[in-house]
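Naming follows writing order (A, B and C), and every chain is counted from residue 1.
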Amino acid sequence: MIMRDVAIVGVGMSKFGERWSSGLKDLMAEAGIAALEDANISSREIEMLYGSTMASGRFAGQEHTAALMADQLGFQNIPAVRLENACASGGSALRQGYIAVASGIHDIVVVGGVEKMTDVTSAEASTALGGAGDQEWELFQGITFPGLYALMAKRHMYEYGTTEEQMASVSVKNHDNASKNQYAQFRRAITIDDVMRSKMVSDPLKLLDCSPISDGAAVAVLVPLEKARKYNDTPIKIIASAQASDTLRLAERDSLTEIKATKIAAQNAYKQAKLEAKDIDVVEVHDCFSIAEILAMEDLGFYKKGKAAKAIADGETTLNSKLSVNTSGGLKGCGHPVGATGIKQAAEVVWQLRGDAKERQVKGAEVGMTHNVGGSGATAVVHIYKRAD
Amino acid sequence: MAGIVGYGAYVPIYRIKVEDIAKVWGEDAESIKKGLGIREKSVPGKDEDAATIAVEAARNAIRHSGIKATELGAIFTGSESHPYAVKPTATIVSAGIDAGNRLMAADLEFACKAGTAGMQMVIGFVESGMIKYGMAIGSDTSQGRPGDALEYTASAGGAAFIIGKEKKQVIAEILKTVSFTSDTPDFWRREGAGFPSHGGRFTGEPGYFRHITNATKMLLEETGFKPSDFDYAVFHQPNGKFPTMAAAQLGFTTKQIENGLLTPIIGNTYSGASMVGLAATLDIAKPGQKIMVTSFGSGAGSDSFAIEVTDNIDAKRKNLTKIMEMINSRKVYIDYSTYLKNRGSIKKV
Amino acid sequence: MERSSSSLWRKIRSRYDLVGNECKNCGSSYFPPRVVCRKCGRKSKMVEKKFAGDGEIYSITRIRVPPDTFKDEAPYFIGVIKLKEGPMVEGHVLENGIEPKIGTKVRVRFRKMYVEGDEGLIYYQYKFEPV
């Protein structure tokens, strides 16, 4: 039961990318101060922080990152809790912040995600990310994340005739959107041919089917809706917050061609919001790999199973077409600092619903959705947002 | 009387041809093929070693025998390429066949005859009643120094034999076994050395031939058999030529040895060599036929066996993985550079 | 630490011999074994079950960019194998000249999975070979 409505009154993010000059603390501060300024709120007003990092210990040798973030942003002595749910850490932190405010326990809660990934080699980063799967039976055998999604892609191709070119079109679209986003890691357009000719990582996924290794942070400020206008003229209301889990090990799932946790979280979210897929105007989905966006479009109910790939290739999900998907550039184009991604998705949807998304603004966007996945689908978090009336 | 109740062999799928090795060293492939009597050799995959080969052979042996792995009272693994200097291969085998914990296990090393030495030990244990069944394995991923003559022959493979004395289980009785042993430095590898060293032509007459012929003659003398009493003979086979010459010297015919002579097509599997030869012979032997086997291990010694096939052999073949079928049906040729990569030698060379 | 003597040792029977388990309450079988049945939760009654190692490829990929621990092994095939007894398991698929595709029948093999440098432990495990 929801005690009271919750709104986002401030969002901020650091530029995503290879941030050679910035460490974990720099990134936290960059995004955190931007969010506080956006909400026009002082550091001392914050009551609680949920901080999300996936593998800061492996990437930067730093644990205890929520207290560190509270410390860096001048939130003196407030309770701070770190949340780790692999690549869904950010979305999960947002949901915990939502629960804290909705329950009435806290009024002003900050949720902040950060990941500093480029201080280690890409092989070390790949090993750290592998911890999102089953260590004993997946990573132990040298099964990488591209490998797990490749296994899903191969099965999807087998069952539904999905093609490598259709998958490539996801990356092309997302790079196109990223080129319009000042925070994005890749601000350049690419072609189907570029994707098809990029280095094979794990058949059938090529380098340009995969989201990059990125540094970055994103922060959001949550308050009760009834107090929201004190901080922001256009508060964005969270009208659904849902989450589900599944087996960590891919092979143990009921199906390799759907992410069941996404389906369950989406069904619950639609129920809470009293909306259907067709009511969504803008959505940020978890495209850690091109195939993941195809699965998401199906599992979130935008397309029937097996139909999303062709629709994406036909341009139905480009900016201001039938449904605008990953206007930020998604994980592929904007970058994927794993702990930050879920909160960055929320920031993008907030900007879209406020009408502040500039070149990549979706016309008349009223209802937005974010979809954040952990591992190969063991966690999925779905939020739905609407501009407060 | 103790006898073989089951056996299994294993040869990796990879092969390299004499031509491919000869090309690298500027040698004449034809004269090497003729001189060594070998066409190609088996090569282990990157993920294979003497333990994995031993487990594969042991699993085939258990399947063939029809006994449960937990009935084994002993496992001896003979090899000169044990993956660990300290930590037994035999325990890896016991776990790899899920043999439980109530058994004795040890590794043996006697160059190329450690596997047959294991057979003799198991025979002793079985005949004394200390154990009901025991397994002896010869398995190697032999190393030949790049450019050395051994590089053309040193190969990978192995065989496992289960010995017992239950009448209805025995497919071949071991009528007699003898050994001839001396201290002869014909071939050796020091602790930590990557490749073996050898005495060149000294390995022939004072090494291989002296021990093979003496052990075989002792066996014939003590059993009263003549070479012609045997339907088949298997000699240790470091190349295709030595066993043919030894057979001729001892009065065995080419026909008697041809079924058990696998070196020309898989190379010298060292500890596995005479046992793989025996396995190939048992694959085709009929009840009542006799087989003579003489192994050889540098350093040096030979173990000689007189074996007689029983009526049980045909019924047990339903679970047999025949070695010639394995050799011919699973075969992938690799070139010299892949061979080096598989052997992890690129850094070292 | 993801690799250690103890972590190797405690899973030897599963890694070497495909020892999994099944739930006597509902009949579901599991490889790798689970402590608690996914379907029955608290009511589960788990007993050991050994899998034969025969199955077929349900999905397959070839990893060309490996983690550090497998850098000398790449490229290698990884499959999701549907064991004939039911469970699905990820595993290495060996190259033997038969193209591993969805539907290809496989059988279990015993191989080295990972070697800790020149002085460390050798981790053995099942892999699958197309037949």
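Keep in mind that, in the parts below, a contact is a pair of C-beta atoms (placed from the backbone, for glycine too) under 8 Å apart; a residue touches a chain by one contact, two chains touch by 3 or more.
Quick caveat, the model's predicted, so the values are computed rather than measured.
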Chain whose average C-alpha position is farthest from chain A's own: B
Most central chain, Cα average position: C
Distance between chain centroids, defined by C-alpha means - chain B, chain C (Å): 30
Where chain A and chain B are represented by their mean Cα positions, the distance between them in whole Å: 59
Chain C residues counted as touching two or more neighbouring chains: 73, 92, 113
Of chain A, residues touching chain C in the complex: 121, 123-124, 126-127, 130, 135-144, 146-147, 150-155, 158, 199-205, 247, 249-252, 256
Chain C partner contacts - residues on chain B that touch it in the complex: 13, 45-49, 51-52, 55-56, 59, 83-84, 92, 95-98, 330-332, 344
Residue ranges of chain C touching chain B (in the complex, touch as defined): 12-13, 16-17, 19, 50, 72-73, 92, 94-97, 109-113, 122, 124, 127
Residues of chain C defined as touching chain A within the complex: 2-3, 7, 11, 32, 38, 58-71, 73, 76, 78-81, 87-92, 102, 113-114, 123, 125
